[in-house]
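Chain IDs A, B, C and D follow the sequence of writing; residue 1 opens each chain.
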Amino acid sequence: MTHKIAILGASGYTGAELVRLIATHPTMDIVAMSADRKAGMEMGAVFPHLRHLDLPTLCKIEEIDFADVDLCFCALPHATSQRVIKALPDTVKVVDLSADFRIRDPEEYAKWYGGQHDAIELQQEAVYGLTEFYRDDIKTARLVAGTGCNAATGQFVLRPLIAAGVIDLDHIILDLKCAVSGAGRSLKENLLHAELSEGYSAYAVGGTHRHLGEFDQEFSKVAGREVKIQFTPHLMPANRGILATAYVHGNADEVLATLEAAYADEPFVEVLPKGETPNVKHVRASNFCHIGVVADRIEGRVIVVAVLDNLTKGSSGQALQNANLMLGEEETEGLMLAPVFP
Amino acid sequence: MTHKIAILGASGYTGAELVRLIATHPTMDIVAMSADRKAGMEMGAVFPHLRHLDLPTLCKIEEIDFADVDLCFCALPHATSQRVIKALPDTVKVVDLSADFRIRDPEEYAKWYGGQHDAIELQQEAVYGLTEFYRDDIKTARLVAGTGCNAATGQFVLRPLIAAGVIDLDHIILDLKCAVSGAGRSLKENLLHAELSEGYSAYAVGGTHRHLGEFDQEFSKVAGREVKIQFTPHLMPANRGILATAYVHGNADEVLATLEAAYADEPFVEVLPKGETPNVKHVRASNFCHIGVVADRIEGRVIVVAVLDNLTKGSSGQALQNANLMLGEEETEGLMLAPVFP
Amino acid sequence: MTHKIAILGASGYTGAELVRLIATHPTMDIVAMSADRKAGMEMGAVFPHLRHLDLPTLCKIEEIDFADVDLCFCALPHATSQRVIKALPDTVKVVDLSADFRIRDPEEYAKWYGGQHDAIELQQEAVYGLTEFYRDDIKTARLVAGTGCNAATGQFVLRPLIAAGVIDLDHIILDLKCAVSGAGRSLKENLLHAELSEGYSAYAVGGTHRHLGEFDQEFSKVAGREVKIQFTPHLMPANRGILATAYVHGNADEVLATLEAAYADEPFVEVLPKGETPNVKHVRASNFCHIGVVADRIEGRVIVVAVLDNLTKGSSGQALQNANLMLGEEETEGLMLAPVFP
Amino acid sequence: MTHKIAILGASGYTGAELVRLIATHPTMDIVAMSADRKAGMEMGAVFPHLRHLDLPTLCKIEEIDFADVDLCFCALPHATSQRVIKALPDTVKVVDLSADFRIRDPEEYAKWYGGQHDAIELQQEAVYGLTEFYRDDIKTARLVAGTGCNAATGQFVLRPLIAAGVIDLDHIILDLKCAVSGAGRSLKENLLHAELSEGYSAYAVGGTHRHLGEFDQEFSKVAGREVKIQFTPHLMPANRGILATAYVHGNADEVLATLEAAYADEPFVEVLPKGETPNVKHVRASNFCHIGVVADRIEGRVIVVAVLDNLTKGSSGQALQNANLMLGEEETEGLMLAPVFP
């Protein structure tokens, strides 16, 4: 059976990545694609790398007949997303890639995103889209909220460790190195090649990055008490990929064993042999996440390093993984593409 | 039916690219992989991006039982390749990715490659692997010689134009811009990141690049007279891709029409609308080739620009395309992966 | 004696490059810097790499007292420049970095720049700023028009050859590879790191690039007849540098001897030994130009390759070189900085 | 007065960087340059970006007449350096760029560098070359040991804080992001453009990097007790620069005030306004170090970020700064070059 798919906000990087992945998916058929300012254009004109595909012309959201749609990927900007999704008929399953439905608590949402939520009931209903930890809920969900790409990376490292109680909850530091596509296709001076290439810097230093809202929510829930981590992202002169270096207090063997147990049956998460750490390039353009554990020379300190591709496992790949579950397909369908190296 | 596949010389970039592509091919099963100096290692240790795959341990060529092999990809260095292939049982179909069987004329071979050929009969038998122009021969061939990656790019531009007689054969200039993976995994100072990044330069200037042997052979054959082009490659600070800028004398509309006719039914070659030229990034990690035609302001001069990924369409993708034909599979099987952008 | 310097349009890359060079110039003192939209800001806030310097606060042009200024570098956008310079008191010497005064013929100007010139008398008076060829005129000029960066590169290769009559004037092809800082700090999708890194493409194909106006004017003047070349620029995934590959008809030894003679006494132009060609990285952040000559395998065809840094020798370094001459300083003052490698 | 300078080991990146800096130094004259395997070659053939300079031909060390040399920069590999320097006449001042004389304690040396030291007396005599903290000793030293580039970066952040007692000595984490030129011109697969570009990874994880020997020695000395920090370097897809992110326990205002006081009169160290953090690109190819301080959202936690260019301030620039002091020149002579941006 073929599922009829719509992509809203198809002219951004996550939209294009969805099309790339669905292009070889055997049972999904893209029937509608919206892009507000580019309505009327062909996708191949916006993204020439997709010109060989037979895709619907970009349109405005209001031109889409959602009666014909089984599942809708929503890759719209934050705040826009909640308004659009609220208006969709409830026969349509939705995978949202924005930040709008990641936070359950309206006050927390307002704190991190600076305003009242427009669809508070949906905010309660939405399932958090970190597949490996919410698989059963996702299968039956109507609305799944894709996680932040940084938030996904950090949780792959820390979530099992917090759940197992093998690390000190008051001394968790997450130093992230993020490629630039995570910033989207926005026109900013610091994202220009001339300014970013050969340069790198920290940003949102001091605990101001919005993905902390997700960390706080999820880690506190898992721990059964408030957990606040330190989190500093850095912008890298590279296009795809996140590398997270986590500094935790614990025992390296216990940490490794906990991660190995957590991901033993996971198709996309690979725990490396003890002492090895991963390279962000080894998961490029794929849905894989590699994690490595090393004991520090200081007794009781452990470093855990994880990598994934922000556009794939961190966003559109995760979205497709969730869509597969929601539609009753194999979870890995269309996602076993090997990483592109070099 | 599943075909049993061997890859000789699997520890180089073209070997890894073959594995990447075959990973999602439905009817190919890799049963043996050789890598002389890395025999005994797992492929995932040599190329960690492939660690999720269940692959045979790397071995020496002499350890492979070729009775169990239907088709062998040979990604060995030049000169080694001819000795190895000569020794293979003739029940095994072979797609060679080296330069050893590209040149028919032993003297031309000796001129460009600096030595006598060790398998002259095979040199005669081998079919030149530019699929779009040798499709029928490839279907029934036992040995197919993959083309040079630069040679492929230049031929996609020029071959139909020479065949159709729409350009002046004495004024053909091909200025190529080649990404660094074309140089393989060799350890040379000029291939270091510190030396190549932010730098670019011409090489093999003046008509000394070996791929001219292929151009001379193929263009002269197509034209029915000797054709010698000017060809200057440039090394780019990028990892994948070739962009060829061809300067020819002719009529732009005729040139465009000729190319459109030549590639009308080709699944992997896209001719762009008049006046547009392609970006090498729009075919990255894919088997596609994009070609664009522009009239110069000087009457009678035309610029044709083509792009492809040297590791995919220029090498391993082409090899798989040919293997599909040789094994009776759909030519496009495993190759419709969309380009990776950004 | 210290010269009082103003920089108009200091918030772009050429403005910043002027400041970098003047920072160690012994007899120039920057007394005023304008940046319309950033007036009131410190230069160190706009360009943090200059924060250690004691510079005047950015202001609006009308706030500058030009009675206090000996020489003014004008790094304003095209069209703006002519209006501003027309209004300056004629006691101020001016080095303009825009395109406004490069073209002598008002009709040619209108053709390439799409409009009437606002300062036609100055257009006649301005001296073309290619120092090596207009040195004497520059010494006594009040207004010097900096050349286009591509135009400078092409002329270093071709001008002596055309003047000496050693190449066929009807078969000149210039294939340029240009780094992205040539496009300035403009916010365009194709200049984003995510889109440019790992990508390259031709632009202004077919003879539509404005620098052809300079080539046409200068080459025709030197030749004493109309000369039209073919010129195709390509955008490179690199920040600084232009590499020009020229395809000409002639004798390689004659070409080499002509270039060696032309640049024998030039401090900034280096002609390489026969058969060697330059790398753009070897002139990075410097005022040097390297040129190499190679004979093609086809008798009578020659390839000449030249490199320079578009922001230095192609723009701000050239401007400083001219300013030195206009102010009676050593031509090389402040400009002998060695290239930055790696 | 002109000082006669020798550079031993001139064919590596730090040797080339020394030449670049000395090229515009008014009172230093390079009289001899050694490069063992490249003896007999011109420097311009090894590093074409230096071809405009009039430099001595590369020779073997034993060919140098050290009676003619005032100061010798020694850019040889570790272990080689100690043997060569031991044999130099003691009339020659020496700035060593290797690791050989950084560690005072022979046992600590043996632990980190895996062997007995060959010049133990010199090991005692050598002055540690972190100019800002050893200025007086350096002025009268005969032998100065240049610091590790990572070690310099970390000390600029942490040394004043440890000395002032404003941070918790048991909770110091230093996460470094290092450009590739720090690895020198060595031919390794992971340093190839094809492997490093678009990739990044941690290395020497767990407290095994040799620069920890310097941190342990210096921080313990400053603190008057043993101090062990956590230190994880990461290899970046960039050529020059180190960015250090330090996670400390303390009060942000105190930390900032301490750093401001420590560097108030330093010509090369810039402390940014509170809340700002630096970009590695803003110190490129210069001798500057920028430092920024931010309070974390968690009370009592502070993030300090510092950047410098590993080849300049981290190595050859520091060496020249020390040589200036040893020769009685202005400390900043030849070093006020503005950073290169973009």
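The rule is simple: a contact is a pair of C-beta atoms (placed from the backbone, for glycine too) under 8 Å apart; a residue touches a chain by one contact, two chains touch by 3 or more.
Source: prediction; values computed, not measured.
The pair from A-D, C-D or B-D that reproduces the interface of A-C, where over half of the contact pairs by residue number are the same, turns out to be B-D. The greater number of contacting C-beta pairs, out of the two interfaces A-B and B-D, is seen for A-B.
The chain with its Cα centroid farthest from the Cα centroid of chain A is C. One finds 39 Å separating the Cα centroids of chain B and chain C. Averaging Cα coordinates per chain places chain A and chain B 36 Å apart. One inter-chain figure worth recording: chain B and chain D are separated by 45 Å, centre to centre, where each centre is the mean of the chain's CA atoms. Residue positions of chain C touching 2 or more other chains: 13, 181, 194-195, 197-198, 237-240, 278-279, 281-282, 284, 342. Across the complex, chain B meets chain A through its residues 13, 16, 19-20, 23-24, 47-53, 181, 197-198, 239-240, 270, 278-279, 281-286, 288, 290, 336-342.
Residue ranges of chain C in contact with chain A, taken from their complex: 13, 180-181, 185, 187-189, 191-198, 237-239.
Remark: chain B residues 171, 173, 175, 177, 194-195, 197-203, 205-208, 212, 228, 230, 232, 234, 236-241, 243, 245, 247, 275, 277-282, 284, 294-298, 301, 303, 305, 307, 342 touch chain C in the complex.
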